[in-house]
Amino acid sequence: MLGLDKKDTSLLVIVAILTLLAPFILNPFPSGSAMAQFNAGYPDLMQRFVIFGIFAIGFNILFGLTGYLSFGHAAFLGVGSYSAVWMFKLFSYNVIPAIALSVVVAALFSLLIGYISLRRSGIYFSILTLAFAQMSFALAYSVLSNPKFNLTNGETGLQVYADDPQLFHRDSLPDMPHLFGLSMRSTYHLDIGAWSFDFNAGYYLCAVIMMVMFYLAIRIFRSPFGMMLRAVKSNQQRMNYTGLNPRPYTLAAFVISGMYAGLAGGLMAAMDPLAGAERMQWTASGEVVLMTILGGAGTLIGPVLGAGFIKYFENIFSKINDNILHQWFSFLPDGFEDFMVFIVHPFIGKGWHLTLGIMFMLVVIFLPGGLVEGGQRLGNWLRNRGKGAAEAKTKQEPAE
Amino acid sequence: MSNNELTRRGLLRTGAVAGAGVALPTIFTASSAAAYTNEPTGGTVTLGFNVPQTGPYADEGNDELLAQQLAVEHLNGEGDGGCLNTFTSKALKGNGILGKKVTFVTGDTQTKSDAARASAKSMIEKDGAIMINGGSSSGVAVAVQGLCQDAGVIFMAGLTHANDTTGKDRKANGFRHFFNAYMSGAALAPVLAKEMGNDRRAYHLTADYNWGWTQEESIVASTEALGWETVNTVKTPLASTDFSSYIAPVLNSGADVLVLNHYGGNMVNSLTNAIQFGLLDKVANGKDFKIVVPLYSELMAAGAGENIKGVLGSMNYNWQLDNEGSRAFVKSFGEKYGKPPSNSAQTCYAQVLLYADACERAGTFNPCGVAEALEGFEFDGLGNGKTLYRAEDHQCFKDVLVVRGAQNPTNAYDTLEIVEITPVEQVMYPPNHPMFGGDEATLGECNPGA
Amino acid sequence: MGILEIKNVGKRFGGLQALSNVNLSVAENTVHAIIGPNGAGKSTLLNCLVGKLIPDSGSVMFDGQSVLGRAPYEINQMGISRVFQTPEIFGDLTVMENMMIPCFAKRDGAFELNALPSVRNQKDVVEHAMHMLEEMRMADKRHMHAAAMSRGDKRRLEIGMCLSQEPRLLLLDEPTAGMARADTNNTIDLLKQIKEERDITIAIIEHDMHVVFSLADRITVLAQGTPLVEDSPEKIKGHPKVREAYLGESA
Amino acid sequence: MDAILLQILNGLDKGSAYALIALGLTLIFGTLGVVNFAHGALFMIGAFCAVMLQRLLNLSFQTIDESQKDFLGNPLKVDTPYVEAWFGPETGAAIIDWSVPLAILFAIPIMLLIGYVMERGLIKHFYKRPHADQILVTFGLAIVLQEIIKYFFGANPIQTPEPSALRGSLDIGVMIGFEANAIIYPIWRLVYFAFAAVIIGGVFAFLQFTTFGMVVRAGMADRETVGLLGINIDKRFTIMFGIAAGVAGLAGVMYGPLNPPNYHMGMDFLVLSFVVVVVGGMGSLPGAVAAGFLLGILESFASTTWATTTIPGINQIIIYLVAIIILLTRPRGLMGRKGVMEE
């Protein structure tokens, strides 16, 4: 289907089903229950999952295939966001031209930086990209936000003000990013029994775009171009002596991944029309590196999993506080309750970084191939068990 | 709990605008239409406390969180009631807000505008928070304030000192209790004149971002009005950790006062560096060299340790302030947590109480009703003395404290001493002051999210 | 006029004159061996031919065109393929993919942004690669990771990859170095077969005299960066200078 | 002229910190081939060794002083450190005053131990893994280490003052013939520079003149060959890791008085120290040191008013700009060796 083989088609279908049904899947607990804390099915986080998924998929095209480790990809995400917000400020809140511009600007920017940085390889390349991104960040944060020439609005972040021209804005259109009138914030709210689910227009726009981008990534992975990129990683010497010029291949990969990043940045602005300079900082570049490695560099689905994993921790674990812990453990006797809260306390709320750091280490120590390998191992284990005894499997389920 | 009326509303509105074209199939309809975002329907009302929990300002965020939790206790009638007993408005009864028990959710701003918006959104979208409070930087405050305006909830700012928060970026749904850079300048100027004379030459080191610039602008304006001369204003990168190369040329520049428009870690390091270079031991232009830190906080004072001795600055509040409200607050905070409250803690505590009180007086949680009740509200008994929430820009006007690093602190908490309580009249300015966006700055329309 | 004409090539590394005044002509459709003791400059000469090094002086003409100043991939596209001392293959890729890459290079040139069609659908390349694998008798190993193969198989694959490009000149850099005797003989047989079946010129640098004398039509002896003699294998065997400079030591 | 001298001093001082961190980092890069993102955290832990010692020395017993009141109006509890009680107020106070230099002795065993445990327990298993995995695991470790410090010491900076005898500044200008106040420089910054010079010299001498160092240098050049010679390289590399951790830790201890330590100071230095190492050239110790001082000095000059008015914002980007220029003109940085981390 769609020019993919059976295995890839089923992967794409699974991803499509998961993203389309995400509002259900991510809200497994009844709202109001103690476990509702772990629900992730609200618009903002769902949007972030897919947007960072796109970012990581694109990054993986460069890093996973060619092995070139860029430490400055956040810069492309940042310029994407800035372009989109400028589009909002100058023309209209329609997201299509904004996203298109962010991809184009990111492509140009990555062409420039890639052309220069790819003159070097290995860690020298990494540091060149890092240096460019850090320069972009520093300039965006201060110099480019001076009152005379305010391109980025610095620390506060670029946003739309009432006195912006917005040439094509009409009163009948929503006063926030929209797709031909459909506001990105509009959410359909569904209550089924104790459960509640949100279907958000912005999320579905992002989800559809992510599926397209995922599909394109599969095509790239399976194409002669993708094979050449893997050849770049495997043996550049042989490639050179086989009459192939590695430079344009890596540059193309760099620009493509830069465009993915720009698209992600544009979508972020489309979901929330504010572009902060921190998105370009090295920590943001490092984050996408971690997402990709954590999920499994070079695999198709890994980066998406990695992105989801990190964003989940950032948004869910950071919000758990002692009050919630007391609720969870309230069934225990008082002494035990306090003890459990005491034990868990360092890992939640302000300690979410600690949990994340430990998870990084555990994953990379025990699952060298990242979360994808974990999935594979789990799959194999289940299959083997399934062969063993059917009843063992039924026992298994309630425990999960 | 029924969440996200906000967004459902949004859809209804958009649907109406865009016509039948975007009609989505209706499977189930949500319960009765709410009048505003996250209208509390059960027996509880949820507040969102969005403070930095990771990064350099984590301790400050933690202090804010402690104060917010204390405020919730007092609202729910637990503890000793704190400022509920001293607050001049007697609308709060200690039975929650409008009879609903107060619960809260917390989030981590990471002192980044993106992350702060993400966590505020999650509180609004997922947890049904009806008010967002907290934060320790102006960038975050402006970003979250904009978000709350769009979402239709009330934003009660935490620590934010830049003029823009209630200046050019002011919003109808946003309120600031904390003072601002202009007030710092206006309050400090007479004290500086008294202590250092009218013919000083000042050298500014300024953190190179929005807040730093507005503070520099304010201090330069008010000191030049005294007759001071500004020798140089140097911007330092926010990411700097060592300021020696910025401090080193100061002595040679002909300046005799160093103004550090830095906050947090920047200020701790630049002040430490300045002391290392021995600036305070020097004589320049025949006068003793002086250092001014326009915005102080207790945590900065703790971080800077002995270096703050004798250094002047301003604060929104200090626990040593002796009035009825302050005493009640310090007693209840100190007894619960074993330390006196910081000024960011106090501003968050006051903001939560003010919000609750406004709801009571308005008789509704509707942001527009609450905003109306807050606008022009005059009160006392929350620790700062007589205070006005000005209707035009949602800025609180109250006395400003000028403080100095104590020479002989007796414990870890009295490292700052109050030099002067600058009366509110001196720090007043018109709402259309040029530093605050001039005539163009408007609050816009209040947005209830419906 | 040979297909490869090397004239007056010199190369200096700091204080070391690695090559001086090298003149060499490789005739079309012959096997030309370059031998010499360690440090004679064989590898330096080879690197000058493929664009890895640029000589300080002289000229290198391939089929009437200069190769100097061109990048290795451009020289390859002119029709020169190189086999390395240790097999250089794409270790992370499968054998089939290894073979397809030169086939793509042959079809599409140095760069082609062929990013959306599936590799499977490039029927001509797939067939070409399959054909080459069969010729190399490795079709059964096509799904293996190349890195997992034996040294001999890697060498065979590398030679096959070079041949798939149908080069006019094949450069071999000690193709049997570090191989067991059996693998060496297999490689000799393979190269003989190639020589018989194809219109191809082969230049070979080799240490192993057994290999050289089994394959070469002409031999150049290099010593201290400069050609000592050039002649047919029979003549070289008995040449006193060669014995002195080279065979005497190694025998 | 005096302004230039002043900025050179500043640059040497900043450079000392960069060079010390980069030195340890490049030892680990060069000897072990490991990308250690936790190196900044080691620097931070060094600084917190001083904090810890200061806390230990300040361990106190409490007496209640009825004549004074605390902030709640209760009688004030007065703390007296045990060391003052044991050694008498004067000696005790002097010990506390000198806690930062004393912390060097305290930090050396701690850092060597941390380095040893880290290498044997974690890094050892990652020699053969891709650099990406090394980055992930060491970054995770860095987060864990700094969160542990944050848990115990909070996020706020903590003063670790220099001994009062070394406080204040010297008027160097007067000594070399300038007018007064032209070149004022803090004593501790001069101490830091001298300290860095000693450590750097020590590490170089150690590698240059001991057999141990010779083997390690040989190992940096060609690990396999030295391994074939039957020399137990792994054990020596473990020791090298300990030394690298020690250098980072000592750099941290002494840095405390310059800028009060906080839990994320390691992250602040991390990116910068990588830039320094790479600009110096991978696998080159002299390169790392040279790059550290070069970037330190350039950074100082870029922060002068003259520089920032000529090119606005130059002080924000100078390090990165220089890195780009150097890496584009010299493919392997200042003194990099071929083939190290180029893939």
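All chains are identified by letter, namely A, B, C and D, in their written order; residue positions are counted from 1 within each chain.
Just so it is clear, a residue touches a chain if its C-beta (ideal position, glycine included) is under 8 Å from a C-beta of that chain, and two chains touch if they have at least 3 such contacts.
In UniProt terms the chains read A = Amino acid/amide ABC transporter membrane protein 2, HAAT family; C = Amino acid/amide ABC transporter ATP-binding protein 1, HAAT family; D = Amino acid/amide ABC transporter membrane protein 1, HAAT family.
Here the structure is a predicted model, which means the values were calculated and not measured.
Minimum number of contact steps separating chain B from chain D: 1. Chain A has its Cα centroid nearest to the centroid of all protein Cα atoms in the structure.
When C-beta pairs in contact are tallied for every pair of chains, the largest tally goes to A-B.
We define each chain's centre as the mean of its Cα atoms; on that basis chain A and chain C are separated by 47 Å. Per-chain Cα centroids separate chain A from chain B by 32 Å.
Here the spacing of chain A and chain D, counted between their Cα centres, is 34 Å. Centre-to-centre separation between chain B and chain C, using Cα means, comes to 74 Å. Residue positions of chain B touching 2 or more other chains: 58, 208, 235, 237, 239.
For chain A, residues that reach two or more other chains under the stated contact definition are 138, 141-143, 353. If you check each pair of chains against the touch rule, the ones that pass are A-B, A-C, A-D, B-D. Across the complex, chain D meets chain A through its residues 35, 122, 125, 129, 131-133, 135-137, 139-144, 146-148, 151, 271, 274-275, 278-279, 282, 312-313, 316-317, 319-321, 323-324, 327-328, 331-333, 341-343. Residue ranges on chain B touching chain D, taken from their complex, read 55-60, 208, 232, 234-237, 239, 241-242, 244-246, 248-249, 251-252, 265, 268-269, 272-273, 276-278, 281-282, 284, 299, 302-307, 319-320, 330-331, 334-335, 340, 410-411, 413-414. In the complex of the two chains, the chain D residues touching chain B come out as 2-3, 6-7, 9-11, 13-14, 17, 68, 70-72, 76, 150, 154-159, 161, 167-169, 181-182, 184-186, 188-189, 257-260, 262, 264-265, 268-269, 299-300, 303-305, 308, 315-316.
Contact residues of chain C toward chain A in the complex are 50, 71-74, 76-77, 81-82, 84, 88-93, 97, 100-102, 104-106, 108-122, 125, 161, 165. Within the complex formed with chain D, the residues of chain A that make contact are 63, 67, 69, 116, 119-124, 126-128, 130-132, 134-135, 138-139, 141-143, 146, 282, 286, 289-290, 293-294, 297, 346, 351, 353-354, 356-361, 363-365, 368.
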